[in-house]
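Chains: A, B, C, D and E, in written order; residue numbering restarts at 1 for each.
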Amino acid sequence: MNRALRLIRRRLIGSIAVLLIVITGTFLLLEAAPGDAVDAYVVSVGGDASMIEELRRRWGLDQSAATRFAVYISSLARLDLGHSVAFSRPNLDVILERLPDTLLLMGSATALSFCLGTFLGIVAGSRPGSFRDRFLSIGSLALYAVPGFWLGLVLIVIFSVQLRWLQLGGIETIASGKTGAPRALDIARHLVLPVASLGFIYLALYLRMMRVGMAEVWRMDFVLAARARGIGRRRIVLRHVARNALLPLVTMLGLQSAAMLGGSVVIESVFSVPGLGRLAQEAVAARDTPLLLGIILVSAVLVIAVNLAVDLLYAGLDPRVGSSGEAA
Amino acid sequence: MTTRLSIGNLGVRYRRDGQGVEALKHVDLDMEAGKCLAVIGESGSGKSTLALAIAGLLPAGTKFDGSIAWPGLGHAPLNGRDIGFVFQDPSASLNPVLPVGEQVAEVARTHLALTWREAFGLATDLLGRVRLPDPEAVARAYPHQLSGGQKQRVAIAAAIAARPSLLIADEATSALDTIVQAEIVALIGRLVTEDSMSLLFISHDIALAAQLADRIAVFRHGRLLEIGETGELLRSPAHSYTRSLIEASFGPAAEERG
Amino acid sequence: MSEPLLAVSGLSKHYRRAGRTITALDGVSFQVNRAETFALVGPSGSGKSTVARLLLRLADADAGSIHFEGQDLMALRGEKLRAMRPRLQMVFQDPRSAFNPRATVGRVLDDPLRIHGLAGRDERPRAVETLLERVGLSPALTLRAIHEISGGQRQRVAIARAIATKPSLIVLDEALSALDVSVRADILDLLVSLQLDEGISYLFISHDLGVVARVAHRVAVMDAGAIAETGEARQIIAAPSSPIGKALVAAMPSLAQPVSKEAE
Amino acid sequence: MIALRRFLRTPEAVAGALILAALLAMALSAPWFFPRDPQSIAGPALLRPFQDWTLPLGTDRLGRDVMAGLFHGARASLAVGLAAAAGAILIGAVVGTLAGFAGGLLDEILMRITDAFQTVPGFLLALAFVSVAGPSLATVIVAITLGAWTGPARIARAEVLSIRERDYVAGARVIGMHPLEIAFREILPNALPPVLALSSVIVAAAILTEAALSFLGLGDPNRVTWGGMIAEGRAVLRSAPYLSIIPGVALVLTVLGVYLAGEGLVETSATRRMNA
Amino acid sequence: ALRAQTPTNGGRLIAAADSEPRNLNPAIIASNGVFFVASKIVEPLAEASFTGKDGLEPRLATSWEGSADGLTVTFKLREGVTWHDGKPFTSADVAFSALQVWKPLQNLGRVVFKDLEAVDTPDDHTAIFRFARPTPFQLIRNALPALTSVVPKHLYEVSEIADNPANTAPVGTGPFKFAEHRPGEYYRLEKYDAYWGEDQPRLDEIIYRVLPDRAAAAGALEAEEIHLAAFSAVPLADLERISKVPGIGVISKGYETLTYQLVVEINHRRKELADRKVRQAIAHAIDKEFVVKTIFLGYATASTGPVPRNDVQFYSSDVPTYAFDVAKANALLDEAGYKRGEGGTRFALKLLPAPYFNETKQFGDYLRQALAEIGIDAELVNNDAAAHQKAVYTDHTFDLAIAPPVFRGDPAISTTILVQSGIPDGVPFSNQGGYANPELDALIAKAAETLDPDQRIALYVDFQKMVAEDLPLINVAEWGFITVARSSVKEVSNNPRWAVSNWADTWIEG
């Protein structure tokens, strides 16, 4: 476990620098934006010059960018993400309220795409060149090319509106008062379509990676050696080939977490899921700089955490990690 | 003397980019039970191809003619059960993510109808037999934690786990340094004798082969050039190529320099 | 003889890996004379290649000194270092990885001539052909890509490149071990004849005492980053004094002492 | 020649190449077939496909020609895809090579920046960037590039690091080659292929990202793009599904074509290298 | 047939909401987005009505009367009304709301109540508004539905009004109590049992399901996940189809006093646009018929001037009009000296459509085409709300903009500021195009203090004429919204502000 601890420590130290860069970059970017939170607020409310000035003062927008940045950084050090202008509440509260839905969506999509993708990848890769291999390979490529938002639109029309099998949006039946298992079931039914829309492209990705990876491992000497030892095909496929081909997929799992978080922005919008992605859109529209900074920061932390978990998983799967220096 | 293996008019053509690559032509060869046959030849002469053909491991799409017969076996030979195979590169022939004990044990479990527990027990014994220190610890280790020589010992343990009657060693020592090489050659020699296995020892080093082999077969360009008793062949090679090999390996010695 | 061509003393090198320090070299000293073949032998990991890398300034030593042709090699940097390079050349172990995979034979041999201005622009093609002939290759190979020639041919090209700058010392790190036995003998002969013609010295690195016995005048036996013994090649092979020397000699396959199956 | 023959032997690659050729033809011929601004009103609104042969694919909500939009949209998609991929690969190769060569502090700084870009979800970044800079084709391209250069950078760096350790680089140093020559003549050409192999994935991803941005209303309003067409068709998804299906299918086919052709290329060059 | 049915009580109504206002206090923010939710909770003094006198029906006030000098207005307040927290509603609440909230804080109230000096409360159920300068009673009356939401004094006087928690969880006297808001998901309102209306409200619960995606509302209606989508949440192009779906009705009534206007805002700082001929040319270049038919699919009316046709009090058709006539437009531009240059372009403009409605954006696409026909090269700049606000109303970095202002029953409330000069930067939906016409300014000032209703109307007719003639901005079309509801929902659209009224009598069948 010493190995794991070392890994965690190294990661955390690196992450601080990364987060600082992220914060600075985002802050600068948003500084450059035309219009501020007051402009956004005034659109919906109307107002005159004195009120606008008063608002700028109250929200601290009359200060220089440097001052605001310094204030922001120093409050961050106290784990205070600041106050949302648009929601008039602490950013952290607003974000944490939305986070679970996004996590649920991402987690389910990741689980689905990874498990199913790996499984189908093994099915395809266990007999390279066979009909099922070709079929899965072409099929996955087609799936890989379909934009998630478009797939979502099509799925909604088919399954929610025409067939009425599944709900057309939201994360659960609103104000249903359900609890426990019925509620979980309700949420699961709501998740089917968004998870499919978000996850299919990654499912295809994992399937393809697994398939290609297996094809590569098949060519390796130790597989030939295992065959020479007369090991059963099933065991060769699972224990020798798939086990090794899985490793790059695990790395990919970490790399894709950021992409998936980004993808959920669009999917959340298509399916009216009140998650972090939608919140980000709202924050941009409302020029709620502190909120958007907070969201990006929280997503970055999330991505870092996922990658750390993936690294640990990888270290558990690949005995070579950590002993020869470089981690995956 | 019983014949373990009889190869008749063997020819092998690989397919590469839609073209055929002739790797072996008209090879006739017999192996006797309990004896060691060394196969010598330069790179690309078809040595490995012969070994793969015997073990039925040629890649799909390879053209193959002639016969490989196993008199007295009574059934088609089973890899691992009837043939043990040791490859050149010890690092590449072990799965990097499985403990080596498991890789030895899985052979035993596959062929000897053992439970996993029994198979692991046997694996530990085997690791001891190939002279690995502290077999219990080694069984739990992963390939990257072992040196090249140690890995090759593990590979040998896996190859002999089911007590095959034929052991094929394809350049089993050429990736190792000379000291380790000598140890491994000695180990193979000992194991073959103890279990009265036949040994097909493939090498490009005639001097090394001569230490083990009862007979030596010389290959060149996919053909069997000549085959004979070791002493006989070294003393009076029939082919000039064989003679050049012998000269390159043994003499004219260091005395000529000075 | 006057001062040695190469004098190495107290050479040490440590690598850090995964938080641990690995001592690759620990106070290695030896000398190579002019027109001499000096062999470094030893088991895998004993530090032979590290010596080569340090000599060629491909890595920096932690301690010790290297004097070559009277110069303190370790004090040279940048331009000065590159100006010295022609005198000290190297042939690598694996002929496949020793050349840029995109290069042609001609370009490989042209480079050193161009870089050091050893021949004018118009003379260079001719000079390249001469080099090829010197190592027993046909000048027609000039236009071939590196991956289109055999391993033995590549190693000859490598030697041609090494002698292109008329060096006084060539380091050969396992330069023969990737080659077939028959090819190996030819290359050995080539090396010997070059030495006789031009008085080049070799630092010959190998773990195979059999080969060393045939080419080396003097041998140093290395073990675990240090030199276990040094001496006349003939002497050491006949009667090694260090344990590692003994083990190496014992492992040498030869007709004289066949290891019978019953031996162990 | 051999490479071409090998490329043509895989049916997938041929299909991909055909799709891309068709796309290119569409993009290039768009101003010729449809000289009018594709956003101009060409006929009655919401005309269904195959009703009027002057407007074969029908018209949209405002009576704009869907076919013209499709052709002009191909230009935007290709432009964005290629420009963003070129930008990403250029930046990535430069940053990666620099980091790999220089090592030390510069490497550390560049890689932390790469990490930072990789940590922020690319689409979120693009969203923020476009809404800050205002939607135009150029900002969309920059926004996509911003999220896409890290992959090439990492690969280039890893490649450079591994090549730096190869014997032939040591060989170049031994013959006294200048470090800059080593960098640009010995290392860079050999580090590039794996980076370029990534280009089809980046092009495809860029096309999809552009579509997603347009879908969220962040595309260039002065240009027709497929994502924008889908977004507009979305409001009438039920009454006029063809409005989102036609550009959607075009998008899928394009991305598919890019992937297929890219994979064909990679495979061709891979076998070539293996044989080398 | 509707009337024949006997209403049933109970049930939950689910309506689509396309945005989530953070501040739900209609006394501060008199906007339809806020009213849509808050009007069920917080009531005004009077509501708009199809049948009532002056188009009004009583809510918290039972009667209202203005003095002849225009200096006082007396309200009689309803008795037996309680706040949702049980406290009684009194004239003190009205006085507090008027003086502390509407006048100083409310976006519209700041204009209408600018001269309000005091509110006398002789008893708990009488409130007398006193104005420092004569204020037309007509204007006050017209402002009652939108500008006079009453908030509880006892909750607001204890802390800063702008930060009061009741702004996000409002407390009122209306038929429904605020229950909860799940951001991104829904608002939930519950029946207020002690509501003053007899046998009201009929519904137990109203839920506003947040569906920011316009295309989602239609699907949700069809999938029976919601009952009602107001404010054209179902895209116009989908209406024909959805009207044929059994069990769903499309209703265009109920927005009569919420008329939105499609307006081309003009930056008069641009020298070309300062030329009236150019503005007229642009007006001639716009095919209003096309806009109405294709963009609004007939659910709109072509405009003639700054007051919409459906306003029975002020509208005048006696104004100069600009028929769709490209040739004339071109001629006008030639006349103005802007000849076509290379490629047929006279000059280039930046066109900023407001991002709030699909139709404004589509009109942007159309206008770009229409301008191209007369040799003006317009570049579309799509901004989000914040950037648009800043670009047009603060920085004035636009040439043409497309805006959807609302006509609120009286030109003095939100219409005259569209052309009046001297408005500070940053005020949205006001004249930020730099247009200054002293004559027009004088007219506006005069109308603001004219007490006699008929005289006032006459002044606004002049106003309309003058605006239509000089074209400080171009009124293109005006539209109300469409409500799509399941037919099980009864008493829908039964007043001219129905979507933003209290829904106390609305019920669900079955």
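For this structure, a couple of remarks:
Please note the rule applied: contacts are C-beta pairs under 8 Å (C-beta built on N, C-alpha and C of every residue); 3 or more make two chains touch, one makes a residue touch a chain.
Every value quoted in this text rests on a predicted model; they were computed, and no experiment measured them.
In terms of C-beta pairs in contact, the better-connected of the chain pairs A-E and A-B is A-E. Farthest chain from subunit B (centres taken as the mean of C-alpha atoms): E.
In terms of their C-alpha centroids, the spacing between subunit A and subunit E amounts to 40 Å.
Look at where the CA atoms of subunit B average out and do the same for subunit E: the two points lie 90 Å apart. A straight line joining the Cα centres of subunit A and subunit B is 51 Å long. Distance between subunit C and subunit D, defined via averaged C-alpha coordinates, is recorded as 49 Å.
Shown for subunit D are the residues in touch with two or more other chains, namely 131, 134, 234, 237-238.
Of all residues in subunit C, only 53, 56-58, 82-83, 85-86, 88-90, 92-94, 97-102, 111-112, 115-116, 147, 161, 164-165 touch subunit D in the complex they form.
By the touch rule above, subunit D contacts subunit C in their complex via residues 166-168, 170-178, 186, 189-190, 276. Of all residues in subunit A, those touching subunit D in their complex are 14, 17-19, 21-22, 25-26, 29-30, 32-34, 138, 141-142, 144-150, 153-154, 157, 161, 255, 258-263, 265-266, 269, 277, 280-281, 284-285, 292, 295-296, 299-300, 303-304.
Those residues of subunit A lying in contact with subunit B across their complex are 220-222, 224-232, 235, 239-240, 243-244, 247, 317-320, 323-324. Partner subunit A is touched in their complex by these residues of subunit E: 14, 21-23, 28-29, 31, 33, 105, 107-108, 110, 163, 168, 182-186, 188, 205, 207, 209-213, 215-216, 219-220, 222-223, 225, 383-391, 393-395, 424-429.
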